[in-house]
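Alright, structures below, take your time with them.
There are two complexes below, and they share chain A, which is joined by chain B in the first and by chain C in the second.
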Partner chain A sequence: MNAIILSALLGVVMMFSSILTENRTIIRNIAIAGLLILLIGNLLNTYTVYSFNIDSHNMLRFDKFGLFFNSIAIASTLLYAILSGSDVVKVGNYPAESFALIFFALCGVAILSSYNTLLMLFLGIEIMSIPLYILTGSDKKNLKSNEASLKYFLMGCFSTGILLMGITLLYGASGNFNIESVHSTSNAVTTSYNYGILAPLGLILIFISMCFKVSAAPFHFWTPDVYDGAPSVFTSFMATIVKAAGFIAFIKLFSIRMADLGPSSSIILSTIIIATLLVGNITAVFQQSVKRMLAYSSIAQAGFMLFALYGNNDLSSEGILLYSAAYSIATIGIFAILIKMKDYTFDGYNGLAKKQPLVAAANTVFLLSLAGIPLTAGFFAKYYMLASALKSNGHAVLWLVIVAVLFAAVSVYYYFRVIQAMYFKEGEAETTEISSKFKAGLVVMAILIILIGINPSFLLNWFYF
Partner chain B sequence: MSATQIIFWFLSALALVSALMVLLSKNPVHSVLWLISVFFAISGHYILLNAQFLAIVNLIVYAGAIMVLFLFVIMLMNLNKDMEPQKNMWMKLAGAISGGCLLMILVSLVRQATEIGGKVAEMKTGNIGLIGNLGKVLFNEYVVPFEISSVLFLSAMVGAIVIGKKD
Partner chain C sequence: MIPVLLILIPLLSGLVTFFLKDEKAAKSWSLLSSVITLAVVFSGLFIYDHNSESNFNAAWLPALGSSFSLSLDGMGKMLTLLTAISFPVVFASTYKNSYKESGSFYGLMLLTQAGLMGVFVAADALLFYFFWELALIPVYFLCSIWGGEKRIAVTFKFFIYTFIGSLLMLAGILYLYFQTPDHSFAIKSLYSLHLSVKDQNIIFWLFFIAFAIKMPIFPFHTWQPDTYEQSPTAVTMILSGVMVKMGIFAVIRWLLPIFPDAVAHFSTIIIIFSIIGMIYASLIAIQQDDIKRLIAYSSIAHIGLMCAAIFAHNRIGLEGVLIQMFNHGINVIGLWIVADVIEQQLGTRKLSELGGLAQKAPVLAILLVVMALANIALPLTNAFVGEFLMFNGLFQYNVWFAAIAGISIILAAVYTLNMVQKIFYGNTVSITANAVDAKNNVQWILIVLVVVVLLLGVYPQPLINLTKDTVNIILVNR
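Showing the complex of A and B:
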């Protein structure tokens, strides 16, 4: 409860801070301080030191998994604010409001990691999405940003409509909003009739809508345009923290209700996984712009995260936490460097290693982590995902795991193109001014990635603490 | 015939006639005005059934907000005779079939519902539609989602200002 209440309050604080000061550095520092308070508040809640005690009538349930994910999301946002905060305040005329919207989105994240009824699922998804529509369009003078915002808004509305339709059907089937399939005994109508078809139908609609939100193929079409058109700083936020939260929501519901989809559930899931991996990886190969490549790579990473649904055991819940941490840190780092580049194409990176050796080295670590090379966090993240699927389903899914590994090999190609451009190509990579504080932040993140990659229990021990 | 019955028959007749006029009138603006009359008649029925809150919300949301939107859209499109889009046979057929399906479902529902057969609506009894009950549910069982939705509206308002304000 701490995270939900504090993030909403801090959002209001950010809104008021724009009345008091116009200075963008101060606004950024207020936001960083706010994120620190939020992180501490959530940690106090996780380790049961102190939490606001509000009776939610079982609509929110705070378990260790959700609270730990909150910490990961808030800590990633903190890293993001420290690294790219000075770029956030540059976009548009309302820097404080941008941070306020980020805090509101975090409120949605905290709801999604703890919801216990479909009503809260809906509220959480909306609270998380609406700030993003605005952040996408916050660069008002840029036509591409406007287009992306409108596209995102329309697609988001459609998928929310589908979600609501699914929730309605589930409500019709069981007579309540619980995420478990409990029939409320008080409702005489539902117990006397058998509405067998309603529950699977509703679940499929919710499944489709959640696939939209996490941009799994074939519902991914909005992703490249939106990620490409949005201001790069906000793409970074959208592609990491928000996407991971979408997965947490997805997994929370379907780890309980997957069986209700019927015997075809594993076919549906494996089709979606393969389609997502295929579309994400193959299309990323053909991109010329690094930003667009990262958009497709985020689709490809979503394919791996979907394995957590297949696994549905202890390993997969550890895995998705590890994955969201590894993926968020690496992607935030890559985007932070991308924002500093003047040219977003692969050629823009030519010869970066000579001009900025430290930045290039950190970028290499992040890219290796996304590709899943051993000794980086990304390797263990992918390993946990595949292992959890094998643990639950045995050799029946071995073929799917092999396909996933093959696609991971494909992904190495386009991640290494950036590394190749930085180290082995001649050129003058033009960057905006890079401060030494920024470099220090990058180094810290690279060290984090390697630490988790050497010993994932470094992160996961906190989960069981 | 008591006063309630007179009001009931009057409102029913008004609703049916207005609904027919929505379909029959040639001018789309007249259609919308007749639709407002339908909503008023239905709100009257709600009040007879002791559902004041529903009646008021029906007026505010449908007769107020949505009808204004309808009128705006119709006026912006500036419909007139020669600009009227041509409706082909298939469109008419599809409309007739989908409308007929809805009618069939409604009729079959009413026929199957044996519990309500031959009974009259109970006037001025029951308190399910009163605002007090809604408030009690909203502020007891659903207080957390109710309060949290304020964050949703707040972020939407911030967005409206960020997007809409002139630089």
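Showing the complex of A and C:
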């Protein structure tokens, strides 16, 4: 509860802070302080030290999994604000607005990690998405940003509509919004009415809408344009924290209800996984702009995260937390560096290692992590995903795992193109000014990635603490 | 403690090397580090030669069933010895070469050594996978930064190839992990697995493709000649001398004992591919004009024989493979050293542009001839013992296979002697007219290698004794 209330309050505080000051640095520092408070508040809640006690009539339920995810999301946002905060406040005329919206989005994230009824799921998704529509269009004079915002908004509305329809059908079938207490199938048996197709159809609609939100193929078409058009700082936020929250919501519901989709559920899921991996990886190979490549790579990473749904066991819940953390940290770092580049194409990175050896080294660690090379957090993230699928399904899923690892090898191709540009090619690699604080932040994140990569219990122990 | 030291010394000293700005300092520091590692290996062989010293076990990822467990058996000892010898030899023989940003170069070299050591001593499948990758990443950077003209594309091909292989292996390791009753990656648990034949036949290939790419076995060999040619010679020596042994080592340690039925089932087809590769590589080697490419193809041929002998799966063949792993490492490094001397001094690697070097560099000529004779496995050289045992093993498996594979010996003589002749004999040409003999450091290194070649050629028993326990474990587990 702490995270939900505090983030909403802090959002309001951010809004009013622009009345008091126009100074961008102060606003950034207020935001960082706010995120720290939010993180502490959530940690207090996690370890049951103190939390606001509001009876939500079981519409929200705060379990360790959700609270731990909140901490990861808030901590990632904190890292994001520290690294890219000075770039956030550069976008638009009213810098405080952006941070206010980020806090509101975090409020949505916190609801999504703790919802217990479909109504709350809907509210969480809306609270998280609406600030993002605005953030995407926050570069008001840029046509691409406007286009992306409109596209995102329309697609978002569309998928929310589908979500609502699905919720309605489920409500019709079971008579309440609770996500787990009523199993549609058992309900249909105990009552004299047979609702037949209602519940599975509703679930399928919700499933489709969630696929939209996490940009799983074939519902991914909005992703590249939106990610490319949005100001890079906000793409970074969308592609990491928001996406991971979408996955948490997805998994929370379908870890319980997947079976209700019937025996075909694993076929549907494996089709979507393969389609997502295929579209994300193959298209990313052909990109010329690093930013667009990252958009497609985020689709590809979503394909791996879907394995958590496939596995649906203790390994997958640990794994999705690890994946969220590993993926968020690495992507935030890569985007923070991308924002400093003057040229977003691969060639723009040529010779970066000579000019900024530390930045290039950190970027390499982040890219290796996304590619899933051992000794980085990304390896264990992928490891947990594959292991969770194999643990539940054994033999039958081996071919899917093999397909996934082959796509992971494809991903090496486009991630390493950046490394090649930085280290092996000659060039100018023009950047805006890079402060030593920024470098220090990058190094801390790179060390974090390697630490988790050597021993993931470094992170996961907190989960059981 | 010995295996821990073998990993830690190169790892830590490698990390230090990155910060050494002075080229001299970086060189001497890494040479010193590699000599210390060699000393540790020797102390493990002769002084601390008991179980408590050669095994190490510490908690790493208890939740995943993986531990940081290392152990040194006979095969491990032999290959760590080879690794430990190779690095000082490489550093010393290329001491006069200069590299831009030499701190990073030597740092990456030492990291590679740490990875290689780890692969040879790991007694836990996940740990093995970690080291397998750790050995690959630094090599990728070494070749891409300091390599020849086409280095970026060539090295990338090499990286993607091996990475695909490792990922397939990872899938296989994960599958095996869930088959073990106690959910553990420990080598003991994997050895005691009894997989169904159907499972074995699938998982076997996941592992074998990874190892076949690394060795490389026909048709997975296409990355190899390009990479050997484009890499800086110091890296090529490590690649061909030690790194390809990772593939052979892994087959013996991780494949034969875990998938006995699949090995029996697929051995014929794999031997056929190995033999095709041997003949094919030998024929191409005859056509080569570039010394580096010639040695690269000759290396494919030799590795092919080792792979065939492994899958013949009998005692004599396995013994041959084990000692040949060591011998091939020594011989091929010797050949690379000569190639490097010629390239550094004369600026060309083309056989057609060379000639008459023996008149100018008699010492180098004598040393190369011994190395070349070892390459064609002449009696009294170390390679003869290994190849004889391997052919013997193959003969017991199938006479025809041995006969066809035997053609490669003749072909080896053709290309090797042809190379010696074109470089050293005949009249001097303009390039070689002002050549001088190899420098002292190179001469001494080559002399040491030649002594090893002859010594092991006359008296190979120590190597056979060293690896006896490994052979027993592999064959008993069947």
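To be clear about the criterion, the second predicted complex is superposed on the first by the 456 of 465 C-alpha atoms of A that agree within 3 Å, B and C clash if a C-alpha of one lies under 4 Å from a C-alpha of the other, contacts with A are read in each partner's own complex, and residues count from 1 in each chain.
Throughout what follows, a contact is a pair of C-beta atoms (placed from the backbone, for glycine too) under 8 Å apart; a residue touches a chain by one contact, two chains touch by 3 or more.
Note that this is a predicted model, so its numbers are computed, not measured.
Considered on the superposed chain A, chain B and chain C are sterically compatible, since they fit side by side.
Of the two partner chains placed by superposition, A:48 touches none, neither chain B nor chain C. By the touch criterion defined above, A:264 reaches neither chain B nor chain C.
For the superposed model, the angle subtended at the Cα centre of chain A by chain B and chain C works out to 150 degrees in steps of 10.
By the touch criterion stated above, A:460 is placed in contact with chain C alone, chain B being left untouched.
In the superposed model, A:386 lies in contact with chain C only, and not with chain B. By the document's definition of touching, of the two partners only chain C reaches A:374; chain B does not. Touch criterion met: A:398 reaches chain C, while chain B stays clear of it. Once chain A of one complex is fitted onto chain A of the other, the partner contacts of A:127 are limited to chain B, with no touch recorded for chain C. Between chain B and chain C, the minimal CA-CA distance in the chain A superposition rounds to 39 Å. For chain A in complex with chain C, the touching residues are 368, 373-375, 383, 386-387, 390-391, 394-395, 398, 401-402, 405-406, 408-409, 412-413, 416, 420, 423-425, 455-457, 460. By the touch criterion given at the top, residues 60-61, 63, 129-130, 133-134, 137, 141, 144-145, 151-152, 156, 159-160, 163-164, 167-168, 170-171, 174-175, 177-178, 199, 202, 206 of chain C touch chain A in their complex. On the chain B side of its complex with chain A, the touching residues are 140-145, 148-149, 151-152, 154-156, 158-159, 161-163, 167. The residues of chain A lying in touch with chain B in their complex are 4, 8, 11-12, 15, 54, 56-57, 59-60, 92-94, 97-98, 100-101, 104-105, 107-108, 111, 119-120, 123, 126-127, 130-131, 133-134, 137-138, 140, 149.
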